[in-house]
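Labels for the chains are A, B and C, by order of writing; each one numbers its residues from 1.
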Amino acid sequence: MSQSGSYLMNAWYVAALSQELSADTLFDRTLLDIPVVLYRRADGTPIAMLDRCPHRFAPLSMGRLEQDSVICPYHGLRFDCTGTCNHNPHGPGTISPRAKVPTYPVIERFGFIWIWLGDADADESLLPHHPTLVSGHEHAVAYTYMPRDCHYELIIDNVMDLSHVDHLHGEMITTRGQLSPQIPDVIEADGTVSVRWLWQQTPPILILNDFLPQPGEPARHFVEVTWSAPSHIQLTIGATQNGAVETLNFDTTVAQYDFHTCTPESATSTHYFFASRRNHHEEDAEFNQLKIQGMHNAFVDEDGPLLDRLQQRMGSADFFSLNPVLISSDAGPVRVRRILAERIAEEQAQDG
Amino acid sequence: MSQSGSYLMNAWYVAALSQELSADTLFDRTLLDIPVVLYRRADGTPIAMLDRCPHRFAPLSMGRLEQDSVICPYHGLRFDCTGTCNHNPHGPGTISPRAKVPTYPVIERFGFIWIWLGDADADESLLPHHPTLVSGHEHAVAYTYMPRDCHYELIIDNVMDLSHVDHLHGEMITTRGQLSPQIPDVIEADGTVSVRWLWQQTPPILILNDFLPQPGEPARHFVEVTWSAPSHIQLTIGATQNGAVETLNFDTTVAQYDFHTCTPESATSTHYFFASRRNHHEEDAEFNQLKIQGMHNAFVDEDGPLLDRLQQRMGSADFFSLNPVLISSDAGPVRVRRILAERIAEEQAQDG
Amino acid sequence: MSQSGSYLMNAWYVAALSQELSADTLFDRTLLDIPVVLYRRADGTPIAMLDRCPHRFAPLSMGRLEQDSVICPYHGLRFDCTGTCNHNPHGPGTISPRAKVPTYPVIERFGFIWIWLGDADADESLLPHHPTLVSGHEHAVAYTYMPRDCHYELIIDNVMDLSHVDHLHGEMITTRGQLSPQIPDVIEADGTVSVRWLWQQTPPILILNDFLPQPGEPARHFVEVTWSAPSHIQLTIGATQNGAVETLNFDTTVAQYDFHTCTPESATSTHYFFASRRNHHEEDAEFNQLKIQGMHNAFVDEDGPLLDRLQQRMGSADFFSLNPVLISSDAGPVRVRRILAERIAEEQAQDG
């Protein structure tokens, strides 16, 4: 099962935030147990390759960039952005045809660097599509990165079952017990799983309250989360005090459009990336920073420590092998776990 | 063998000092590799259960108490003190008959919270009986807790062979080389092992010296340690300068009545609990605190570092498999190790 | 293969620098996974034995010296410098014939304490012979110790292929790209492997520059490294501006005679010892200290972090199993790896 370090390989994962990858810098991150070095070509195009020289296995990320090539820190072998050795300063300078560093397809889009680590050809049509993140005022979208010592599926569970917000989170994003009593709609379509909640609360959720016509007064709310394999979740949350609104969505409410995605570092550690676009108070850069910091802290201070200790309680056991006592709000995350396990099993059967 | 993480399960262990368990607080401690949450009901009765929610395995100890029930921090499921779910805030609130947290029998007695982690019915008649600890002035007894990174049997060895006091300990509790030359009496009876030493030293052992009629002058001493399974040791030490005393015991000497007990956290870490009652200078609360601090420090500063490194030297090897060269003073601890190994083997054979 | 914790056992390794072993002190160090305690007899002769009491396995190094014997900290058993118990303070004082601590042959020579940990008889004729280190002014030789978290063969590779100096090292010891273009001479003879480089650079290598007749002007350089099993490397480096010199060596150039040696602590950690004798500016004690500190720092700050991360990249894999893409400058270290692997295989076949 996927709990023990087997990953869906033929898929796009986020390797880094665009803002993490600066010019002239080698950036290293372990993804799906693979050490990867990332950098930008002079024209800005991102490049990813195995962070291990084929000569004596030194980490290339400790070396330096020269034009668009990486120079190994240890003996100066130079590799172009296709991973081909284009300079060997040693002896006659002969270059072995085996002097190749594996590279990985990367695409920069929607504020993220996406990477394909599988053996199959990278399929750009599988890249998650979130143009909303990059449409609108630049001060109305922000990004953050939060590493965590737990299995990535524990973070997916967390977002796919938002009933926990009633119980775990502090004043800023509490839903005041309004989600748990509901049985949310769960819709499975085209390999995605969506969970939608509708409720009323007073005062409105505090991240939106101040932008409603009557702060502090009752408001109708919705939140919808949609997972797609392997570990991407789009979440939209909105509130309205306009009784005439029939369809609550990002355009008809005071709302934000978020993107949560997890990339396993290892079986027990995860790179968690988060982006948030809002449709209100769009031009305030300082508010934008405060808001992303608040969302960052909610996970770091509230969900994170719980998930780390939950991981310790589970150890290396598979989730279902522990016989969880499931409740109504688990419908979404359990559906996701089963689909992901099937997808991984299929992929491994094909490789086998 | 017991060296490698197999424990005697059907027995009472100390889970905590009474003073560690305050009202309105969830207390977590791993005992015999089992994560346990402990708390007190409103009437003070201690409760112990597995520190893992049966829903998604969150640590209950990160949640909160409501009346006598525990509320899971993650999704708000509530469990009464029998471990039965008595509230599910989700959807229709249906409660699965499987929504049960294993609980463990606990008894509070003699200043300790005792726990029974075995599968067999808890047998209260097996609870160690030490009323002396709680008889007498409240300022003449004190308790402490000392965690340590070594196997619990190394601590039992340490107390069952007090000849090490001649060699390892500093001025405050040194026995000045008087124990080692002796072959102590070792008595096995009803599953217990007792070791008794009698000697004279000048000056008397410093923890008792000031309370003797003639401090600094020769005194007759005794110490007796009695082990009972799995890891409980009662130690009485006394000194007298009254030549007429025929039987040296707690009542006839300037003495203290101690209780040492170990609860394995894991195969290489131990919760070590200690209590000490004295029959002299009984009303001085400040002295009481200084005295327990001194005993605490003797173990923490002198025995502890040696036992941790000894553990590293032994690694995961069984004690007897390393062919120890035994000497006369080992009679007690070796007898204890053999009985305990037999008891564990018997228990496992019954389970098998 | 040797990558996974199998060592050449019947060989001399350095256990410590002479200067690390002071009088009246027990010194502990784990060598080839064996915990060893080292000390000096009253006459200065070094002694080495297993750092584990045969009684209850306490580390003898936590005890104390009495004349030339070691007293166990735990129960006071005393062992002479042949490892024989010569005092048991317990009971009748009987000493079991099994009360023996394994000892290891040690020889102090050339500023090092050498140890033989193998089962075969220690063969003094195999001891590396480096009288140059101890010939000449006392202020012209210095020693240092650098522990590192990598396999010892990675450090041997590092010294046996000095082309890395072109790429990795800072201004003080840079060879300015002059080594890499060359194919060095590699000579295998009598079980040793020598690599010799000859080149010209301007300015001369800075560690020698100031002692040449015309600092900053072109100079001919040489460096020669000679490995002998298991992990000893003698390195001589020199420069000259005297055109008439035909044979560049320690006597004909401004030069230093270094000795690098590695003793595995475990499969992934190494004790690295280094000594350096120079033939110039010999009487300046302060310069001597600055110079050894500079060499120490070059390894600690430049090679060391790279080797630690390289070790992480290799994990527990054998070097050759990872299919390194070898280049011309690898001839020396690869020859060394193959000879060492053969020697270890032979030894294990004999034991088998």
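Heads up, the rule we're going with is that a contact is a pair of C-beta atoms (placed from the backbone, for glycine too) under 8 Å apart; a residue touches a chain by one contact, two chains touch by 3 or more.
Quick caveat: nothing in here was measured; it's all calculated off a predicted structure.
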item: Pairwise touch network: line, ring, star, complete, or other; value: complete
item: Copies subunit A and subunit B touch via same or different residues, half shared test; value: different
item: Cα superposition angle of subunit B on its copy subunit C, in degrees to the nearest 5; value: 120
item: Subunit A-subunit B separation of Cα centroids, rounded to whole Å; value: 48
item: Subunit B residues counted as touching two or more neighbouring chains; value: none
item: Partner subunit A, residues of subunit C touching it in the complex; value: 157, 161, 163-164, 166-168, 177, 180-183, 305-306, 309-310, 313-314, 322-330
item: Partner subunit A, residues of subunit B touching it in the complex; value: 35, 51-52, 54-59, 62, 71-77, 88-94, 96, 98-99
